[in-house]
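Got some structures for you, see below.
In the two complexes below, chain A is the common chain; its partner is chain B in one and chain C in the other.
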Partner chain A sequence: MKTDKKQFMTGAEVVVRACVDAGAKMMFGYPITPGTEILSHWIREAQVNKDLKYLQTEDEIAAGFCVCGAVLAGEKTFTATAGPGTVLMQDALSMADGMRLPVVVIIVQRGGPSSGTVIYSQQEVNLAIHGGNGEGLRLVYSPSNLTELYEYTRLAFNNAWKYNFPAVVLSDGFLMKTRQLVDLGFKIKNFSAEPIISENTQKNIRNIYTFEEELGEKLARDKKDFEKMADEVVKVVSYKVVGCEILIVAHGIVAGAAKEAVDILQSQGKKVGLFRPITLSPFSAKELNDLARQVKKIWVVESSMGQLRDLVKQNLDVSVEIDGLYKPAEGIGSDEIVKLFESF
Partner chain B sequence: MSKEAKFCPGCGYPVVLRFLHTILKDKKLDKKTALGLDIGCSLLAWDALPINTFQTHHGRVVPTMVGLNRAKPELLSIALVGDGGAYAIGLQSLLWAAMRNDPILVVVVNNTVYAMTGGQMAPTTMVGQKTDTSPAGSDQPAVLGPEMIRGLSPKAYLARAAVNDIKQLNEYLNKAIDTCQSSNFALVEVLSFCPTNWRTKGAETNERVEEMKRVFKVGEF
Partner chain C sequence: MLLKILLSGDGGQGIQLMSDLICRAAIQRGFFVSHIPNYGLEQRGGVSLAFIQISDNEIAYPKFSKPDIAVILSPQARERVRNYESRIMNYDIGEHKDVLAKNNVSQQSYNMFFLGLLSKLLEEKNILQREKVFELLKEKLGKKPNWEENKKTWLLGIKN
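Take a look at the complex of A and B:
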């Protein structure tokens, strides 16, 4: 790859570049549309860069657990998956939840349920955050464009290894296949990976507890750590919200369309702003509630039946009317969002 | 063993662990070993030995050790797993680790039942054997692990021992570790005691292992 700071790249190329720049040395993966190109680009890159290793595993379950094993040995490692693969990935992610393993998963959302479509959706929000058999203390980033995909993939590695929580970069088929001019100038010092198990350790690590209280205490510690991390990693964009009466809430590429819509609507004199969570977990509840107190109504716009809406409701402690545009597994353009407020 | 064993009285697991640990110490590999555990009775070994040990999920210890080994080949990666974890829920990953010749040692403890959950039918339950989930007796031939893998993994070391013949167990585990050290896959299945679920006492338990040997041939494959 070239070293120019701005390049035309596809989403899959951006992910590979970000992982390499983050210090990742291994990828374990299983082909699934629309995320396959991450695996094939990584392998292509590994033909040139001999520091990079890879394995195409027998399924997504194995890919996830291979990542867990490599991470235990102290190697920055990741996998990428989509749709039904994201379902299978929960087995390993749940172990990463329980053992606090800095596993990084790039999720490329496709239509669901079941095989759905191979194209696009925002239906894997719940799986990304809450897919395990627990509460899911995971870092989940939702980028809107390829420059952000680069930045948040870098941050996912850094914060996973810094705070010892699994991290998900939640993208989608549109983002992965698109080609854009990408700014790779994001500067961040890589957090170093320390082995959990090595010749110099003698650890006995469990993920099952005999007594209710033992697990309860462990989870309380994890929650405390997660909340402490939240103060440092939560990311949110509040766009043109000063004086707004309607607050659009959107994430990922839909937030990109919503931003355009807000520009158009404000040029028409309409008081519509945008709240865009970048970290879906931990969620920026404070900013949301501060804005919710000011507005008359929240409009959630998303390519799912309401997974983001539910997240918003979970985090609201202010009574406010919520309406929405829910188009599961379909793209949403700025014109559609503008149209919502024709009579406003 | 470093701590009081959590296994049932008469269980075969502590025998396997004790010999494994002794061999690792003799070979000066105890500091250079990562011991991964599956779920089931194997998980009780999480703090049994003063070597790096961690639990994984049911059927997932093999891919976890594959990942660990690929990241850190200098560590000897050992997967300790029951018959259900190895030959039922984790079979796909076991076969692929063997076919790829990943240099990990898989120790399969075969007691013919799902022991932790109370003695249900396992892939190794013998024809006619009654369990909670095969009340009329199993009518399905038991899975023969090493024999199944033999044709798939030409360089692998594959053997079956029993906890009531510790000389042989010792020999096979030694050879298996040497095989991993020379970068090849190894699997040792160990016919083991489960008096709790078999509802056997003393000599009956040993007798049951001898019965098992008629179905599961001990030896190298």
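Take a look at the complex of A and C:
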């Protein structure tokens, strides 16, 4: 782990640094804006660091299944994709769900549906968590700045290999293309990768079942493991929530803007706080419900028409009014959020 | 202190280069800096924007709608940033056409003129040292063709 001080880096450079520091040795990928620079920076890194390998596959389906295969052999590896590529990636992610493979995918959200726009969105929340056929037993991190992008990419590898669930780092094109001073001077110990099937051994890891009951029992076991993992990995930030009457819920880069807005609003004497899930899956239902009991209203703020809102609703067991600012595929700045509470 | 700068021009005019140099010079003075480029699908000919923020504190969100300083290097860019009204200063190429023509500045060096203007303004605001910008500029372009013209045009911007 490097202990160098602040550096001026883009999000894509931060991801590559995090993957290298996590011990990843290989990237499989198919380029798509705004995630292409992850592949190109990895290739550049591989020119100087001969331990690193890469393969540009024919599409995202191949990239995803290559990662599935490589992790079986104990190789720490990953892929990165965006938008329509995230759709194609579901086939492999679903296999990783079913076979409990430590597959790591960096998703760089862009506007949808279809090719949409090439820069920014928060419309891949549902895909990241529930995109495949199955139950969506995946670990999904939503970082809101470049330092967090580094930290949660590292944790995605560690927890994927520790708990044997696929892990997604859900970012976006703004985060990936932004250049900021990043402080990478913190230490994270790597969880080591061991072959899931060793050479010269036979082991049948199934992704197909003859009897309905067999699959049902397997999924019940997986769900139990997932819930056990949840206690250890779930991450949430409750910001300035003491005494607040309105609770903003936001994730990812929008949560960065919301945090700024909460500072401004509280300086005006307004009782507005922020609940920010860092892990979207598993979701921190307890903290949300504790806060929901205290507030008069929840305001969801997101660059989608309600994917985060639906997640919030799924996890609420308290009756509380929900309103929101929904701007699919458009950025949301702090000034816009402050404006929402002008008459409050 | 938080200063928001929006640079705009046609793709290929060197907007992102200007942005890079300003950011690095501000970092040298110990400021937090954020830069995000914005361009469309076009390989060339589209509008290129750079959103820069320079602050005493960490910057939470990379974009903004109201810049303090806006720099406009082409008519197409002017159209695009119409909604981003600047609060302090607007540097529009339309207002500097005569100086650029009088000094025979070629189109390829327009960005150097505006980099000069900005270097002077930002030095007055204690955000960077113009010498630092020049040092970084020389590092980047010093060995490339047209260096003399670029240098001359940057100095012309400083004087205006």
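In the analysis below, the second predicted complex is superposed on the first by the 339 of 344 C-alpha atoms of A that agree within 3 Å, B and C clash if a C-alpha of one lies under 4 Å from a C-alpha of the other, contacts with A are read in each partner's own complex, and residues count from 1 in each chain.
Convention: contacts are C-beta pairs under 8 Å (C-beta built on N, C-alpha and C of every residue); 3 or more make two chains touch, one makes a residue touch a chain.
What you see is a predicted model; the values in this text were computed from it and never measured.
Touch criterion met: A:333 reaches chain C, while chain B stays clear of it. Looking at the shared chain after the overlay, A:178 reaches chain C, while chain B stays out of its contact range. The partner that reaches more residues of chain A, of the two candidates chain B and chain C, is B. In the overlay built on the shared chain, the residue A:163 is in contact with neither chain B nor chain C.
Of the two partner chains, chain B is the only one that A:205 touches; chain C does not reach it.
Once the two complexes are laid over each other on the shared chain, residue contacts for A:299 go to neither chain B nor chain C.
With both structures placed on the common chain, the touch criterion links A:99 to chain B but leaves chain C unconnected. By the touch criterion defined above, A:145 reaches chain C but does not reach chain B. Of the two partner chains placed by the overlay, only chain C lies in contact with A:260; chain B stays clear of it.
Look at A:118: by the touch rule set out above, it reaches chain C but stays clear of chain B.
On chain C, the positions that touch chain A within their shared complex are 23-24, 27, 32-38, 40-41, 58-66. Only residues 25-26, 28, 53, 55, 57-59, 61-63, 65-75, 77, 91-92, 94-95, 99, 195, 197-199, 201-208 of chain A touch chain B when the two sit together in their complex. Considering their complex, residues 8, 118-119, 144-145, 174, 177-181, 253, 256-257, 259-260, 331, 333-336 of chain A touch chain C.
Those residues of chain B that touch chain A in the shared complex are 31-32, 34, 36, 39, 43, 46-47, 50-57, 60, 63-72, 74-75, 77, 92-93, 96.
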